[in-house]
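Alright, structures below, take your time with them.
Below, chain A partners chain B and then partners chain C, in two separate complexes.
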Partner chain A sequence: MKKKNKISKKTIIIFIVLAIIGLIYFIPLEWVTASSLRPSGSLYEYTEPLNMETFIPVNITFENYVNIFTQQHFGRALMNSLIVACSTVLLTLLVSSMAGFALAKFDFPGKKIVFAIVLITFMVPFESIVIPLYLTVSALGFINTYAALILPGVANGLAIFLFNQFFSEIPTEILEAARIDGASWFRIYRKIVIPLSVPAIITVIVMVFMFQWNSLFWPLVATHSTRLEVVQVAISANRMTEATHWANLFSSAVAGSIPPMVLFFFLQKYFVRGISGTGLKS
Partner chain B sequence: MKKIALFLLVVFFAVIGFAKTNLEVLWMGWPTDKVMTLVNEFQAANPDISVDVQLVPYTQLFQTIEVRLSGNSSTPDVFIVDGPLNPSYAIRGNLLALDEYFSEEELEPFFDSSIETATFDGKLYSIPYTTSSVGLYFNKEIFDEYGIPYPPETPGERLTWEEVAEIAKKLTIDENGDGTPDVWGLIIEQIDRPYQLLPLVQSLGGEVISPDGLSTAGYLTSEEFLKAADFYWNLFNGWKVSPQGLNNSSISREYFGNGKAAMMLGADWNINRLAEFEDLEYGLSPHPYFEGGIAVTPTGSWHVGINANTKNVAASVDFVKFLTSKEALAEWNQLFGHLPARQDSYDLLEEEFSKPEWQILLYEMDHTAMARPVTPGFLQYELILRETFNSIHYGSDPEQSLKDAETRIDRELRKFK
Partner chain C sequence: MFLCSIFRGEVVFRDKRAAWLFIAPALAFLLLFKIGPICVSFVESFMMTSYSGAKSFVGFENYIYLFKHDPVFWNSFKTTLIYSVVLNPLIVFIALVLALLLNGSQKFVKFFRTLFFLPTAISFVVVAVIWGVVMDPYYGLANSFLKMIGVGAQPFMNSTSQALLCIIFISIWRSSGYWMMYFLAGLQNIPESLYEAATIDGANNFQKTMKITIPLLSRTMSFVLVANTAFNFLTFAPVYILTQGGPNGSTNLLMYESYKSAFVNLDMGRATAISSILLLMIFVFTIFELRITKANFEY
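Entry: the complex of A and B
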């Protein structure tokens, strides 16, 4: 009995600590959401002193949401980001999983060097490659097209690395057995390797989707037409030197975070498993 | 697989636009409808030129320009230039020298300080678009409540910084006694920007960079600079009349607008934006100066430049001429509230600018305005000074911080020698 009590006390303390940490993360998000429902111009009225009204809007209005969709083409930005993020995800899955497969299961000269280069690509900060990347994309004639937004993200070093790690765990004997039964490598990849790799695939989907959804600087550089405007660009357009349109900034930030949340909600189960799975198996 | 391939095919071919000769313009992220009003007027008058404007948010603007201009790219044809960055683009060959396209007559109406900013090595590299000024906003209700007489509201008559500090001490009020003032004495709208802070030094007669713009050693630790920095440090740490961490112009304005600050050292654009706060009754007093010193006010703002590698020089010049015309600048003022960089535009805006607060700022632009230092390393100079002011306002020692800043800035400036 005593022992049981002790554990539950400890559990309570842990629970309280976790709840407080959770709250610290939750409050700013709650405040942004609450503020997006306030009439424009009254955002800072309730910041000091802190009380219930700071977090619960008094006069709830949806005008800030109506504004971004009717005046700022936020719907188009959402659509563009969805097109870019989804195409990148599909292409990355194809390219990176095949590359990961080759690196995990084939032996060829220079394999280690290729793998090292792949590793380096995701360790170099984006800022340091943006100018050469821009010049390359520009020389290919892709500037101001969806291709400029999608293609540079496709050969994703981290995704290749994840697939490589995951595929290494699949026993080579299975593949050899299939080989003896007459299956082509592509058939083995498609029928055996991919179906076994759902957690890795889900991880890459979420990772690549979030990367594209959150990208701001590259879309600004690579495209210049408003018809190609993506979500983060549309959100940050509410910040100017002399003024910030807080109401629209908050409502667009909230609206812009819904698609990744929906995606994450459906894939959450696999995502967590994918991360722990790739790291823990030996 | 087929579905994926089909989808990609659709994506790739749906995006190939119409190839048409046009002018690419990289512009500030101002509201689309307002920018397009001017652009559409230009297009209506010039049906043979089509203008493709990209509006880039301020926080990403300078990086975006750097990347877009890399490799001597011929686009954007026309781009917005922050006044002090003019020499930096010019020295790297990104800006077209404009002397042969603009006559002296055409340049005559622009403010002298703006033309100075646009000139580097004797050549004109950009055309001034807007300009700016700063004054001391004060909340009349708070002054009334605590029986403090209003600061002067006539052009040219100003408080000293010493007087402002005394008033700020009286008007920093902690009514509920929770240790955090409910009303702060003074807010500096742009807490860390050299734009608003260098005039403190200049008011004491201090120089902020060497005459050739390539060295700061001895300048940032001059007696004048240190005195100004001490005053600034005291606002946040000694007298505690200004709140720390308010490093965003919009939040500063929200504080002042909602009656959480008695005074705000703020730029001209607040006049239009403070109208949003219906209950606010404020006055504008000319920019303060240090006792025994001179009055100096910040100025300068955006310019327009043409890419030195553009393939459409004639069309670009036409567009820039239109954008910086007397009428277009007056219209932009009506649309967005920026101060035109040319004096004759104000003739078209007489009704608006006869108001007393504008008279105060117009007086400053004519008499006390001092442009930011001309140096090809302004980007680095500004960045390091911002970091320095930021840490001073959080309490670090002004002298030591400025000494470090000198070393760091001079290291960056060396590459321009």
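Entry: the complex of A and C
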């Protein structure tokens, strides 16, 4: 009886600490969402003094959301980001899983060099090579095309590494048996290896989608026409013009965050499992 | 060898042709869009472009100029160092504390995990936008709160002394939840039996955390520290959106300076020299951090 009391006291303390930290996370998110529903003239009207109206909009309106779609082509930006993110995900899944399969189950001359290249590329973060990448991509003639936004994102050492880790757990005997039955390597890859690695696939989907959806620096550098504007560039454009357009800034920020949040909520469980599968287990 | 210990899998099949066919597409992408640019970065940093557009090899000239005659670079270099040295340990510490607080099975734990991870799911652009308005010196929520509790209004990003601290705070808010997930994954791999044994030996909770949890998390810790270092050295979005390097260069991180150099001043030699220096800084910090965390590990 005494022990049970002690545990609940500890739980209460933890809860209070978490609730205080939680407010620092919750309040800004809530306030921006609430403010995006206010008439565009009164965004900052209720910040002082703090009271209920600071956090709950009085005259709810969707005009700020309507405006970004009718005046600012935010719909096209959403579409562009969706095209870029989904194409990158599909290509990365195909290319990286094939490489991961070869590295996990084959022995071939030059394997160590390939390992080294994969390792270097996931130790060197994407952002650090943006400027030389611009020079490479413009030499290829891709600047200001979808290819410039999509293709560099496919070169993903971490995805290859994840697949390699996952595929090496698949028992070799199954593959050998299929081989004896006369299946081609590609058939084995497609019919046996891929169906067995759904958790790895989901981790890569979340990782690559979020990376592409949230990227600002590369799209800013690689494209310069509104036709190819992606979500993050469109959001920050509201801040960069001479006079910040607060109402549109708020509504585009909220609208642009919905797709990655939805994806995360559905796939959260697998993503965490994928993290613990990256070889961090002691 | 180190390489082979990282990549797993016992090797059985020796079909060279098939292996290379599976590898080739990925290898092409990696060479073209990663290895290529890394080489370009180093080559270009040894070049100077004249006004006519002709390129000439100038050796270490771009680097020497940066360190000898370029006060803007020096300021950025120092700002980036301060930013990283303050931010890295703070994020790791906060992520670890959050993970320890959330490593239970109570009902509310799941809610807070999602809440703390939320800033990672939304982009750094949106995070910067949110805190930009919350920390607005005139109408922001933060100042309303500070006035209410009697601290008084702060200039935040309008002040030379507070702007970098604001960017550091925003980075912590954005990233802690992400690294927390790695610590949670690490915590779940610690066998319960160790804690039971310690309880029998009469250890209290604090002792258990210090003597069992922290040492057994050292592998995760070293991964998080290293990955987080690279990430922080390359901070761009909040500077671009909120301060543009100002006021007075107080938030002019190297990443932003190299962007300006390349695309505003069109000086590719200087820009690639700066990004090569950034790569080198990440490399040096990584080696240093692996050293200190390994020392802990052996202990």
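Couple of notes before you dig in:
Just so it is clear, the second predicted complex is superposed on the first by the 235 of 282 C-alpha atoms of A that agree within 3 Å, B and C clash if a C-alpha of one lies under 4 Å from a C-alpha of the other, contacts with A are read in each partner's own complex, and residues count from 1 in each chain.
The rule we apply is simple: a residue touches a chain if its C-beta (ideal position, glycine included) is under 8 Å from a C-beta of that chain, and two chains touch if they have at least 3 such contacts.
What you are looking at is a predicted structure, and each value in this text was computed from that prediction instead of being measured.
When both complexes are superposed on chain A, chain B and chain C clash.
Of the two partner chains placed around the shared chain by superposition, neither chain B nor chain C is touched by A:S36. Contacts of A:E176 after superposition: chain C is touched, whereas chain B is not reached.
Look at A:A237: by the touch rule set out above, it reaches chain B but stays clear of chain C.
Contacts of A:S138 after superposition on the shared chain: chain B is touched, whereas chain C is not. In the superposed model, A:S225 makes contact with chain B only, not with chain C.
By the touch criterion stated above, A:F217 is placed in contact with chain B and with chain C alike.
When both complexes are overlaid on chain A, the residue A:N80 reaches neither chain B nor chain C. Using the contact criterion defined above for the overlaid structures, shared-chain residue A:L90 touches chain B, although it does not reach chain C.
When the two complexes are superposed, the chain touching more residues of chain A, out of chain B and chain C, is C.
Using the contact criterion defined above for the overlaid structures, shared-chain residue A:A147 touches chain B, although it does not reach chain C.
Between chain B and chain C, the overlap after aligning on chain A sits in one stretch of 130-138, 202-210, 238-246 or 310-318, namely 238-246.
Annotation: chain A residues 44, 48-49, 94, 130-131, 134-135, 216-217, 221, 236, 239-240, 246 touch chain B in one complex and chain C in the other. On the chain A side of its complex with chain C, the touching residues are 10-11, 14-15, 17-18, 21-22, 24-29, 31-32, 35, 44, 47-50, 54, 94-96, 98-99, 101-109, 111-112, 114-121, 123-125, 127-137, 151-152, 154-155, 157, 160-161, 164-165, 167-168, 172, 175-176, 179, 185, 189, 210, 213-217, 221, 231-232, 235-236, 239-240, 246, 249-250, 253, 256-257, 260-261, 264-265, 268, 271-272, 275-276, 279-282. Those residues of chain B whose C-beta lies close enough to touch chain A in the complex are 4, 7-8, 11-12, 14-17, 24, 26, 28-30, 32-33, 52, 54-60, 63-64, 66-68, 70-71, 73, 76, 176, 178, 180, 182, 248-251, 253-255, 257-258, 260, 267, 269, 273, 276-277. Here chain C touches chain A in the complex through residues 1, 3-4, 6-16, 18-23, 25-27, 29-38, 40-41, 44, 98, 101-102, 104, 106, 108, 112, 114-119, 121-126, 129-134, 136, 139-141, 143-145, 147-148, 173, 177, 181-182, 184-186, 188-189, 205, 216, 219-220, 223, 230-231, 233-234, 236-237, 240-241, 255, 258-259, 262-263, 268, 271-272, 275, 278-279, 282, 286, going by the rule given at the top.
Those residues of chain A that touch chain B in the shared complex are 41, 43-45, 48-49, 71-72, 83, 87, 90-91, 94, 130-131, 134-135, 138, 144-147, 150, 216-217, 220-221, 224-226, 228, 233, 236-237, 239-244, 246.
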